[in-house]
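Just passing along the structure, written as structure tokens.
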Amino acid sequence: MILGEGKSLDQLKVILSAMVRRKRNILVTRLDQEKATTICNQFPDGEYDNDARTFCLVQQKIEVTGHGKVLVICAGTSDLPVAKEAAITARMLGNEVEELVDVGVAGIHRLLARQELLQEAAVVIVVAGMEGALPSVVGGLVAKPVIAVPTSVGYGAAFSGVAALLGMLNSCASGVTVVNIDNGFGAAFAANRINRKV
Amino acid sequence: MILGEGKSLDQLKVILSAMVRRKRNILVTRLDQEKATTICNQFPDGEYDNDARTFCLVQQKIEVTGHGKVLVICAGTSDLPVAKEAAITARMLGNEVEELVDVGVAGIHRLLARQELLQEAAVVIVVAGMEGALPSVVGGLVAKPVIAVPTSVGYGAAFSGVAALLGMLNSCASGVTVVNIDNGFGAAFAANRINRKV
Amino acid sequence: MILGEGKSLDQLKVILSAMVRRKRNILVTRLDQEKATTICNQFPDGEYDNDARTFCLVQQKIEVTGHGKVLVICAGTSDLPVAKEAAITARMLGNEVEELVDVGVAGIHRLLARQELLQEAAVVIVVAGMEGALPSVVGGLVAKPVIAVPTSVGYGAAFSGVAALLGMLNSCASGVTVVNIDNGFGAAFAANRINRKV
Amino acid sequence: MILGEGKSLDQLKVILSAMVRRKRNILVTRLDQEKATTICNQFPDGEYDNDARTFCLVQQKIEVTGHGKVLVICAGTSDLPVAKEAAITARMLGNEVEELVDVGVAGIHRLLARQELLQEAAVVIVVAGMEGALPSVVGGLVAKPVIAVPTSVGYGAAFSGVAALLGMLNSCASGVTVVNIDNGFGAAFAANRINRKV
Amino acid sequence: MILGEGKSLDQLKVILSAMVRRKRNILVTRLDQEKATTICNQFPDGEYDNDARTFCLVQQKIEVTGHGKVLVICAGTSDLPVAKEAAITARMLGNEVEELVDVGVAGIHRLLARQELLQEAAVVIVVAGMEGALPSVVGGLVAKPVIAVPTSVGYGAAFSGVAALLGMLNSCASGVTVVNIDNGFGAAFAANRINRKV
Amino acid sequence: MILGEGKSLDQLKVILSAMVRRKRNILVTRLDQEKATTICNQFPDGEYDNDARTFCLVQQKIEVTGHGKVLVICAGTSDLPVAKEAAITARMLGNEVEELVDVGVAGIHRLLARQELLQEAAVVIVVAGMEGALPSVVGGLVAKPVIAVPTSVGYGAAFSGVAALLGMLNSCASGVTVVNIDNGFGAAFAANRINRKV
Amino acid sequence: MILGEGKSLDQLKVILSAMVRRKRNILVTRLDQEKATTICNQFPDGEYDNDARTFCLVQQKIEVTGHGKVLVICAGTSDLPVAKEAAITARMLGNEVEELVDVGVAGIHRLLARQELLQEAAVVIVVAGMEGALPSVVGGLVAKPVIAVPTSVGYGAAFSGVAALLGMLNSCASGVTVVNIDNGFGAAFAANRINRKV
Amino acid sequence: MILGEGKSLDQLKVILSAMVRRKRNILVTRLDQEKATTICNQFPDGEYDNDARTFCLVQQKIEVTGHGKVLVICAGTSDLPVAKEAAITARMLGNEVEELVDVGVAGIHRLLARQELLQEAAVVIVVAGMEGALPSVVGGLVAKPVIAVPTSVGYGAAFSGVAALLGMLNSCASGVTVVNIDNGFGAAFAANRINRKV
């Protein structure tokens, strides 16, 4: 698990080489495309996801050790990168993951039409930008843990995700918890803490 | 139409007396209870609403000049004072008004159960605090003008209505417009501008 | 109606092709020039507006279904892109639109000289950056619905449109409603909700 | 589960009476002392906690349905009211709860001395004001779900809990989730979602 | 010239007594009514203004040493206290002062009707709360120095005068300068610096 | 007087050509170097200042119509661009201008050594970034009008000039007025309003 | 060392009694007058400072263990409470303390007249509200450690000390460090860390 | 000591040449790589540090005049640039410096394992981004002066270092002082003020 952002190519190569030698599974998040090209050349067994900006290198089969399914729900197509980062992270950590896309609250029936998916999940990650209202609706529909991820999608008074963040912190659905803006990784990590078999 | 807040009792009495003489209908908003007691004693034909903090004195029958119904929707019971200010103002301005209370997004089915009410309205005022998500859902359900009113209901990161205000400004439902925090009066005034028969 | 921002060229092409097949009229907003060049090549019947950053492809004659005229007023020449986005959107939605440009409050007589235009409008959209004062003056001159659009024009303490947004939310003209910063599209959509013939 | 704040005594009495009739267990949060006196007189079987500002009325034995222990950790004595609200809520929801008080990061050894307690917990709620650093340390010590609750404890640049909130959202310990400032209730509700036996 | 706010009665008495002995003219600003009562009893030759919250004690005839007239304009009646503080201060500093009240931009014709007053002034102080738009209009009408004073009048997104302050700092009328929120004293002091005969 | 920022090259050329025909003196502010190159080629009689980012084209001799000297003081060398914009603007408006550079408050003796310069000025413009303290010191040393210009110089908690802006608005020297961040033009315009011979 | 704020009288009594038994010297900060009356009655050997809101109970002679003098400088009389908290704390911690009051930057000569005092100090604590400019001047005059304490003195755009805090963080005098708003205690504690004999 | 940021290459060359002639030791901070290349070519005896973005030119042997060791601690590898700026500055100013890297609070045992290093230091500089919690832990472990440096490391609600800054200002460890975001230079300068032999 490596945060790509703020690390130089040289730093990344050193860390990756060490992990490759130790046969560890590797996930680099927030890796921009330019660095990714170099990394993919040097570590050709790995895979870069353009949307999620993640690089995965699986050296040991990932066993599903999570208790139930992690469901990643996403309000709009612009929120997809963060949702994918969450989904990929959760899978790398050993969880079964389902994804549900483009079910924003302005078209509430699209969400309501997929309720069985919601009810099956052990943990729900809800990714939304703009007004960040989706976790409140989801939190009212399911009794399971709901982790809300605000995204920086929007403009003007969205303030790079602050509007969504505040919306989620003030959710009228009790027991919704929140992670940092665009922090799909953190949401998946939290979901994994919850979903772990003991 | 008088904003009570920031005016002294003496200022209010002078203005009210003048309006009484001119046989005008009077609406005072944001009038605190202490001042209201004095005002009600001096102008016993008027009526004070404890929740809305409005004082109304009807000297000429209010004719309904609005085109259609104004529907005032309110997310939680704590948002009621603002919703009532909006409803009373809209009525004083000559509109037929309906009210729909306690239909927050965490219990989305309560709202969906009342869709016929939504479809009948000519203008919809949606009052909500906390994450201010309700206008997005309503804006997706109706094609009519939707005016969103954020309230200062909430605590902590609600920042006295800022979270709701930002949520509404970033609504993913196109064409929702917004007024100032707790400004039920302004929302009704805007609804009246829309609903006026020409 | 497609928000161009945050969508990749590939995503846009897929959506556009589908809409072309279904003979739908198409409006893409916030489309940057680089993407626009490619889109215009692939869909040569469409038209890109450099200022408004909109791409329009009219496949079926747009019928004017709006009740009255939508007037788009704009404080300074730097606010033009947002005003044009509003005007183009309103036209695409089936409204007759008039435009009034460069009538900022520091030269109040330019606005006052055009009062007949204001009085003719059914809905007024007022676009302004910097201190965002124009909607207050307009709201005092007309009894019709006024939708205020703050723009990110300005520098320093304009805070990318926040000063104008706050100014408009606190307008001393009753019943002015507000949309997000630079949201010409949303203002036009709201105007259309108001102006629709039933 | 009733949020006392923003509700009048009359509203509270109506709601409580209805719940008493239905033999429901009752928890009122954020109930100030003045209202509490009246409520306690009318519902003498209930119990008011001065610190937590909660009123509990148990009409049916609370069965422990939670999977494991919920541990509530609290940085300083000033954070106790929020921690107690969390603990009481978690118990009312059917969870076994442990409390660990006054283990702020400026005296890190006090926390380290109680590691066995941390390791036993199924879910950890960490309550802290000021710089809100405790969840980061705890999140590094345990693999279990960690829910961080910022409190409004502090002054000046604490900005009524904003400093703690931001600290927690930016925790360098992966997978810490956050609730609103002073929202002990919400943290407990989230812990209960996690800790529920299926 | 004494800022009353933040000074104890004892501190004020000591300072005032010393100034009385030295036969100085005295102006105390931001003096609350409670302290004012005591001060007026002890210094019965002074005069307290309830609106402006100023205490003036003139021991030597104030000579008019200012070059021209200082005009204090005020948008709404709620802005009067700040306007009066400015007017009283300017007079105490030796300036001829005119006042123009209740000429907010939502009723622009009231201001335009008084243009001769504007043109006669040597310096104009413009006091406004809410969106703070008045200085932009005034700055466009006169060529003289314009000092804008934002007031804390308003609610919600007025943020205790921040909206008005930002509006004024971003005035589209060139050469408007601004002082702190509610700082009528400072505006008058600046006007006096400008208006002084050399 | 043209604000270059936010105007396209085409817009600028049109405006400039019109002004050239009318033999008007021209000042373009906030003109970036790229556009300046084109403008200078087309209008070779004009002059571009790299620091101030201004373009001046003098077609009629500028008569000094100002009453006294405008002194522009500048705290650090990084503030020079804004100071120069102020100085050039004031000169174009017909004022005699003096400049005093690099007299920040951390080396207070450099400022104190130049007091005669301060005392000679009719109006003082004080340009400072970072903590923006210089106007307070200057305001205490001179009795003349002091216009403070915060600059965006600084980093981190300077918040692009907000720290300096707030410092200046809260100046403990009475009667200092403030313009927008980096608004050298506005300060000069205000100085000109003050310094005009009647 | 006890922070009085946020502790109940009962909590305070318990802690104080324990410390009295252990013959420890006691300093309670931020103790409001109401609680202080009770505390003083119960612990009559202690002393309450009305300005600083501190309660001191000296049970063992305080030995001066600090290396040099701690100088506490204070810009205005309204900043005195915080300055006194700093001075009293520093003395209780075993430092020799000097105080210099009312030397704000708008009257710079008052400070310059006391330079010998500045040069004698081993550590300087500078307390200032409003624009918080004093530490920059002092930091330029002395080579010793300078600790800046912003105070909440001011109004409007002072934002309860934020303006002063930002000013101090952006001081153009290198090596000035800052503590929280109104945190005289923390400044003294830091000064003591510096001034300690090893 | 020259702040490179905001200075042009020409300005830098002039200043550097002058200092070279006077045989002064030179430190340029915040010098970007592009300018550095030119500077290094012209002043080949100097050395540029890529991480710290500092240029050092030692013309006279640096004597260690500091009293004890300055220890620079750094939470994560992304904070290294700021830590290095601090370390290099402190050395240039004549201090012995130790560095301790990657000891963030989420892995508290790495810090606790190096306690002897902490105890040996005369002054401790603690550099941390994200939640900025490290100074609180360090401040609890050592009695020496602790200077906290927030960094802009992080994303979303880190707000470019504001979260870390607020965390440090509200540290529950008494006597921690703070400098501006990313201000490694300032922290070293403050450490030098403290560590100077008299």
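Chains here go by letter, A, B, C, D, E, F, G and H, matching the order in which they are written, and residues are numbered from 1 within each.
Operating definition for what follows: a contact is a pair of C-beta atoms (placed from the backbone, for glycine too) under 8 Å apart; a residue touches a chain by one contact, two chains touch by 3 or more.
Keep in mind that this is a model prediction, so the values were computed, not measured.
Novice: Return the chains shared as contacts by subunit A and subunit F, ordered by label.
Specialist: The common neighbours are C, H.
Novice: Is the number of contacting C-beta pairs greater for B-D or for G-H?
Specialist: Output for the comparison: G-H.
Novice: Would you identify the chain whose Cα-based centre sits farthest away from the centre of subunit A?
Specialist: Farthest chain from subunit A, going by C-alpha centroids: E.
Novice: Could you please state the distance in Å, as a whole number, between where the Cα atoms of subunit A are centred and where those of subunit B are centred?
Specialist: Whole-Å distance between the two chain centres: 40.
Novice: Starting from the mean Cα coordinates of subunit F and subunit H, work out the distance between those two points in Å.
Specialist: Computed from C-alpha means, the inter-chain centre distance equals 35 Å.
Novice: So the centre of each chain is just the mean of its C-alpha atoms; given that, what is the distance between subunit D and subunit F in Å?
Specialist: 56
Novice: Based only on mean CA positions, could you tell me how far subunit E sits from subunit F in angstrom?
Specialist: Here subunit E and subunit F have centroids separated by 27 Å.
Novice: Return the residues of subunit B touching two or more other chains; collapse runs of consecutive numbers into ranges.
Specialist: As it turns out, subunit B has residues touching two or more other chains at 156-158, 162, 165, 169-170, 174, 180.
Novice: Taking all chains into account, which pairs touch?
Specialist: Chain-chain contacts present: A-B, A-C, A-D, A-H, B-C, B-D, B-E, C-E, C-F, D-G, D-H, E-F, E-G, F-G, F-H, G-H.
Novice: Which stretch or stretches of subunit C touch subunit B in the complex?
Specialist: That would be residues 1, 143-147, 165, 169-170, 174-180, 185-187, 189-190, 192-194, 196 of subunit C.
Novice: Note which residues of subunit H are touching subunit D in the complex, please.
Specialist: Listed in rising order, the residues are 75-76, 104-108, 112, 130-133, 136-137, 139-141, 154, 156-159, 162-164, 166-174.
Novice: Would you tell me which residues of subunit G are touching subunit E in their complex?
Specialist: 77-78, 153, 155-158
Novice: Can you list the subunit F residues touching subunit C in their complex?
Specialist: Of all residues in subunit F, those touching subunit C are 5-7, 11, 30, 150, 152, 160-162, 165, 180-183.
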